[in-house]
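One chain, subunit A, links the two complexes that follow: it is found with subunit B in the first and with subunit C in the second.
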Partner chain A sequence: MTTLLRISDLVLETGSAEAPLRPVSHVGFEVSHGEAFGLVGESGSGKSLTLRAVTGLLPEGVRQAGGTLELERDGVLRPYRFAEARGRGIGMIFQEPMTALNPTMRVGDLVTAGPRARYGWSRGTARSRALDLLAEVGMPDPKAQARMWPHQLSGGLRQRVMIAMALATEPSVLLCDEPTTALDVAVQDQILRLLHRIRVERGLAIVFVTHDLGVVRRLCDRVAVMYAGQVVETGRVDDVFTRPTHPYSAGLLRSMPTPDTPRDRPLAAIPGGQPGAGERPEGCRFAPRCAHALPACAGLEHALAPVLGSPSRSACLRVADLGGPPLDRKALIV
Partner chain B sequence: MSAAPLLQVDDIVVNYRSGPSAVDHVSLAIPRGRTLGLVGQSGCGKSSLARVIAGLAVPASGTVRLGGAVLPTPRGRADATRIQMVFQDPGSALNPMHTVRRTLTELLLVHRRAPDRRAATDRAVELLELVGLGANVLDARPRGLSGGQRQRVGIARALAVEPEVLIADEAVSALDVSVQAAVLNTLRDLGSRLDLTMLFISHDLAVTRYVADELAVMHRGEIVERGLPDDVLRNPQHEYTRSLVAATPRMDGPALSAAEEARPL
Partner chain C sequence: MTGRGRFRFVGKRLLQAIPLTLVLLLLVFAMLKVVPGDPALQVAGPRASAATLEAIRVHLGLDQPVWLQFVHYLGRVVTGDLGTTATGSTKVSTLIASGTPVTLVLLAVSTVFTVLIAGATALLAARRPDGLADRLINVVAAFGVGVPTFWLGIVLLAGVALPTGAFPIGGWGDTPATVLRAAVLPALALSVSVAPVLMASLRSGIVEARRSEYHAAAQAAGVRGWTLTRRFVLRNAAVPPVSLLAALTTLLLSGAVVVESTFGLPGLGLSLTQAAQNRDFNVIQGLTLVFSLAVVAVNLVGDVLVALLDPRVEV
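Right, the complex of A and B next:
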């Protein structure tokens, strides 16, 4: 598979130029054609800002202070202009379908408003394309729903409309910002299966930002785990979930109750909380919460390094000590 | 569970202006010191039911009994504090202008749980320690606290009036995974230490299974299944429960496969 999207050394800043805060510092990852890539982290980790930077939709007051964003075109990765990339190349869906959908437009018009303006589609072309797209995203009765207003649809159907809108410009990568978080489990499952199907049928790449490890497990091929504005571990989902190579990923996996978690002991919570952009410690930012931290961790310069015996890359200084035999998660508990 | 239940809810009906009943003849009982987990999607009626039990909403019919006696709605002064609620959004459930000290001490003084301001402050610190915080957050306002800290203050506030029943309505849903685990531990710990009777409401089956002694599944205003948590998860009887179990992501579960693509959306 060839690389479709490459983010290198992305730095995002807020605040004054003299004393800026860096909610995202030196984040990088690559996404291949047709790949589902998960960007997972807790709130404040910088995952959503990273995704917004990719589309040039940074909130007011946040600026890109470094790094390159490249998209493949004609076999070559090159920096792109946001307006152009949003028009084809990159599609995006958000967490809150109700706030992302213009409430004064009917569903059918919403879906094709972008390409109509861009390519000058006729009304007839737009209408038939809208019906195709609404059918593709599994709307139960596309003709009827095309005439409806967003508020008349359930949350799950609104999310489908947003996916149809994103697909209208024939993107090669779909960026998803927690699109299932506000939905019920069963509806979330439907949307995940829909995204998976669209991905397979269209050969579409997906970048999926979420705090939900279960969703990443279900949908994604590879994952980057973010903590306090940095990627701390990246690798194939199968590896990261069974043999995490960073104590934070390991801690996250252990702290989440599953249907099989023993009920007679406390959950393995990670003590403390994630530091905000203004309160990040020197060296490894996870060290103050980490059971494995050594004095040297406070002087560690952040870098993702290959891990011996694992295809993952980790930012942990002690990864060699943490690794243990494959599949032995207990080895992470010193 | 042979002892008479502490909380007994009989045949509750809640109607809104249009559509079917939000809560449709629901009955449930929780023995003292036990936790009942109530699972369902948003809109299934679980929060409407919780509000009726807490005395925050008037049902069309049905009764709420505590220790055998029917609680009137609206609740009288004597009964007002016996059932307390912890809400989902710890940010909007706390007065943003008030420090933690003021939030807790005013409550303690109004409900005569402390004779004077000084005793109230001492008690506030005790409560904060009970939920895993300390005196150092007394002068913080909600904005200055993390989400997990805010939710702990919410729990401390609910416990300040020494309720017999605590209702946690999606109380950990807005929290991050690592923080959620710590708050769940605190809730469980409080349940056993204070012999609290709890109604734990959530859309998350795995989370609810972890904290609950018994599980009830609510769907379209009705309780469609109840039982021991592991029985319900391993051997769900009702079709709705089966779909809920199937949709619950598992860490060791399979990724989406070609077979699942074929399943209808």
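Right, the complex of A and C next:
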């Protein structure tokens, strides 16, 4: 598999230029053609901002202060201009289908707004392609729903419209920003199945930002775990979920309930809370909460590095001496 | 909303306007019953005998019970009979018919000015929120709201019409060209106090739309350029200003009363001012009714426009 999208050394800043805060510092990852890549972390870990930076759609007040973003074209990775990549190479799905669909446009017009602006599709072309797209994302009655307004649809159908809108320009990678968080569980499942089917059918790469480890487990090939604006561990989902190489990932996984989790005992939790962008400790940012921390952890910022005896990469200094028995794989399948 | 839903919406709004109009008629009728002053005395003069006054009261129907007077009033209004002026020389309906085109042209031109001024400044201000242009426009807008319309009218007459000679010093025209020329300065004087309100609403609408998730989602889907501005910014930002414009037309209408006096335009406003000075009750009553009905109509149109722009609007 060849690399499709490469983010390296991404730094995002907010606040004044003299004393900026860095919600995201030196984040990097690669996504191959047709691959499903998960970006997991708690709220505030910088995962959504990272995703928005990839399309250059950062919220007001957040700026990219460093890093390179590259997309494969004609077999070569090249830095891209956002205006060029949006729609054509990179599509994006947003968390809230209620607010991400323009309320003053009919569903059919909304779905093909991108290609109409990009490729100058005629009204007729747009109309028939809109019906194809709405059918592809599983709208029960595309013809009727194309004429409806977004507010007349349920949350699940709205998210399908959002997906159709992102697919209209035929992107090669689909960025999904917590696309199921705002939906109820039954609908979540439908949308996840839909994304999986579209990915297989179209050979699409997917970057999935979520705090739901179960979703990553189910959908993704590889994963990067983010904590306090950094990637602390990255690797294949199978490896990370069974043999985490960073105490934070291990803690996250232990706190995830499984069907076998005893109900009369509290869930395992990591003590303390994630530090905000302004209160990050020197050295390893997880050290103050880490049961394995050594004095050296506080002084040294440890970059992602290969781990002996594991295909994952970890930012933990002690990874070599922490290799305990693997977590029970069966318990983690949801 | 589907086509039929819209049709139903308009019908519903029209039906709602009927009781409102009746209440208006009652208020306009009651207005003159509660103000002090005797219309008969006004007609006959202070030295008229009691018998003359009584005869005039009977002639005017003022001796009948109030509810009957109202019923008679309703009947007359429906047939377009609003009585005569105090001197008896002209029908009030004739007065209204001759003044209406003047006031309508004035309002139309000033609405165009208001929309143009508000639109241009809002777009400029919203380019960079809190930027230099935004703050400058904000200050000028505050002045615009504060400037008294009659004073601005005089300033325009003395500062523009007099030195340039391009516009008449008051008065109306008799051909479309002279009419439009005569309307420019008074319309401008009217717009200046109203445009800032519309500008502020439009500006915040544009800024809000640009910050919205649907704007980001559209960009992510490859929408850009004029399509992005037109369909994902202006279309959404236009909803609040359109309903506001209906309310502002009311403001324009009351401003027209002032401006028509300043510029000596033979419109409904000038008639109203003169009638008030002469205590000409029939004229005041007729004009108040026309103005009130105009406000009802404008709000009706505004509601319908908003429903067309924003599909979420339901009643």
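Note that the second predicted complex is superposed on the first by the 322 of 334 C-alpha atoms of A that agree within 3 Å, B and C clash if a C-alpha of one lies under 4 Å from a C-alpha of the other, contacts with A are read in each partner's own complex, and residues count from 1 in each chain.
Here, a contact is a pair of C-beta atoms (placed from the backbone, for glycine too) under 8 Å apart; a residue touches a chain by one contact, two chains touch by 3 or more.
Just so it is clear, the model here is predicted, and its values are computed rather than measured.
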Touched partner set for A:T261, first subunit B, second subunit C, both or neither: first
Partner chain in contact with A:G299 - subunit B first, subunit C second, else both or neither: neither
Touched partner set for A:G278, first subunit B, second subunit C, both or neither: neither
Touched partner set for A:P79, first subunit B, second subunit C, both or neither: neither
Superposed model, subunit A: greater residue contact from subunit B or subunit C: B
Partner chain(s) touched by A:R193 [first = subunit B, second = subunit C, both, neither]: first
Partner chain in contact with A:G309 - subunit B first, subunit C second, else both or neither: neither
Touching partner for A:G203 - first (subunit B), second (subunit C), both, neither: neither
Subunit A to subunit B touching residues, read off their complex: 42-43, 138, 184-190, 192-194, 196-197, 200, 211-215, 217-219, 237, 241, 251-253, 255-261, 263, 266-271, 273-274
Of subunit C, residues touching subunit A in the complex: 1-2, 211-214, 216-225, 227-228, 231-232, 235-236, 239, 309-312
Residue ranges of subunit A in contact with subunit C within the complex: 52, 55, 57, 60, 83, 86-88, 90-92, 94, 96, 99-105, 113-118, 147, 149, 151, 162, 165-166, 168-169, 175
Parts of subunit B lying in touch with subunit A, wherever the complex brings them together: 41-42, 146-149, 176-182, 184-185, 188-189, 203-207, 209-210, 229-230, 233, 243-253, 255-256, 258, 260-261, 263, 265
